[in-house]
Amino acid sequence: MDPSRPLDALNEARNKRVVVELKNGRKIIGDLQSFDIHINLVLDNSEEHENNELKRKIGKVFIRGDTIVLISVA
Amino acid sequence: MDPSRPLDALNEARNKRVVVELKNGRKIIGDLQSFDIHINLVLDNSEEHENNELKRKIGKVFIRGDTIVLISVA
Amino acid sequence: MDPSRPLDALNEARNKRVVVELKNGRKIIGDLQSFDIHINLVLDNSEEHENNELKRKIGKVFIRGDTIVLISVA
Amino acid sequence: MDPSRPLDALNEARNKRVVVELKNGRKIIGDLQSFDIHINLVLDNSEEHENNELKRKIGKVFIRGDTIVLISVA
Amino acid sequence: MDPSRPLDALNEARNKRVVVELKNGRKIIGDLQSFDIHINLVLDNSEEHENNELKRKIGKVFIRGDTIVLISVA
Amino acid sequence: MDPSRPLDALNEARNKRVVVELKNGRKIIGDLQSFDIHINLVLDNSEEHENNELKRKIGKVFIRGDTIVLISVA
Amino acid sequence: MDPSRPLDALNEARNKRVVVELKNGRKIIGDLQSFDIHINLVLDNSEEHENNELKRKIGKVFIRGDTIVLISVA
């Protein structure tokens, strides 16, 4: 596998806490459990944050890839 | 099947009650009956909720995948 | 055919009266005559409803799949 | 050809007068001359209508499929 | 070639003056020089019109297909 | 190569100064260095213009094709 | 490899500091670590800037390609 591909960075983030920013401005934080080539994600122990404050706990969540803008390590 | 793929998490949620959040801000809750790779879903005994209150009962519903943002277990 | 796929639920709804909710907020009710994998639909004896009241009769109508949010049985 | 597919309904509408409703709210009425799998259409003797009144005559027009919401027989 | 396809109508319009209406409401008029299956177009001697008046001359222009709503003969 | 395809017009514009109009209303002017079938572009010595005035110099820039409306020769 | 393709310019920018402008108006600056044909990017040591001022440090970030408008060298 070419180590220089973007999905490799996602792979390194597996099981780590990530921040996912969505096109509608929402921010979901959780443990990256899995992803696919469409950037569909599953996060565990996830939470929605607003203005850097916890808004609600969601638990395990599936996020459709085409709603995602950015993914960074928390 | 690779247990680390997002669709596997959907598969585990089959027959469970899930919350589906749509791009237009609507929230549909129902029993996940089926899904496909486009994330088209069929929910049974579904309801639309608004501000955490039941807005209306829908029954069995087909949801087009490209309108979906998040899917979580209810 | 895998009975657990979303299109199977559409197939069961064939010749039944369905409610189709569109991305622009419109609601079309009609007899589901046919559909394809893009969720393009043809409804017969269709009507547009607004605020739960009949707005106009349309007759036979082709609906482009990518404009659809939800399909439920009327 | 499977008689239960949506494109068959379009095929039956060939050479008939149809109403095409676009995503931007515009309504084009014309004789359906041809269509393809993307629902690109060509209408002849077409007119744009607004509030159920003729706004302008367009003649022969090519309509890009991804701008279309509904097609019904006039 | 099946004479009943929408791209055939575009082919007949080649070298003729066409009006191209874009999703952002703009209207470009020019000589249709070429097109492809994405409805990418090249117009020569093109002009942008607004409220049925010439707004500016553009000359030769490439228009990306997915921005197009309608194409008609000028 | 069929000389009547839109990408041929882009090819003729290679190394020439082009005006690229984006879906968000921005206008980038630069020397067309390369393009691909998605209409992804690379411009060199590029500038952003607003109301026909230079807003800023950008230098070499990659423009994602799906944000483009029009490309014309400067 | 054809040296005249847009992705070659991205390849030359690898390990350099780039400015990525997103469809929602945001601007992310970072070291281009990797990219793919969808223009998905990974930037390292990234920062979000607003009105030419540092808004926040993000570190390593995955950016989904379909949210990108422009990429230039910082």
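The first chain written gets the first letter, and so on, giving A, B, C, D, E, F and G; residue counts start at 1 in each chain.
Everything below uses one rule, namely that a residue touches a chain if its C-beta (ideal position, glycine included) is under 8 Å from a C-beta of that chain, and two chains touch if they have at least 3 such contacts.
None of the values given here were measured: they were computed from a predicted structure.
**Q** Which chains does subunit B share as contact partners with subunit D?
**A** Both subunit B and subunit D are touched by C, going by the contact rule given at the top.
**Q** How many angstrom between the C-alpha centroids of subunit G and subunit D?
**A** Chain centres of subunit D and subunit G, defined by C-alpha means, are spaced 42 Å apart.
**Q** For subunit B and subunit G, let me know how many angstrom lie between their CA-based centres, rounded off.
**A** Computed value for the inter-centroid distance: 33 Å.
**Q** Find every residue in subunit C that makes contact with two or more other chains and list them.
**A** Each of 66 in subunit C touches at least two other chains.
**Q** Put in order round the ring, from subunit E and then through subunit F, what are the chains?
**A** E, F, G, A, B, C, D
**Q** Where on subunit D does subunit C make contact in their complex?
**A** Touch list, subunit D to subunit C: 4-10, 13, 23, 39, 65-66, 68-73.
**Q** Over in the complex, which subunit E residues touch subunit F? Could you list them?
**A** 14, 22, 24, 26, 28, 33-36, 40-42, 46, 58-64, 66-67
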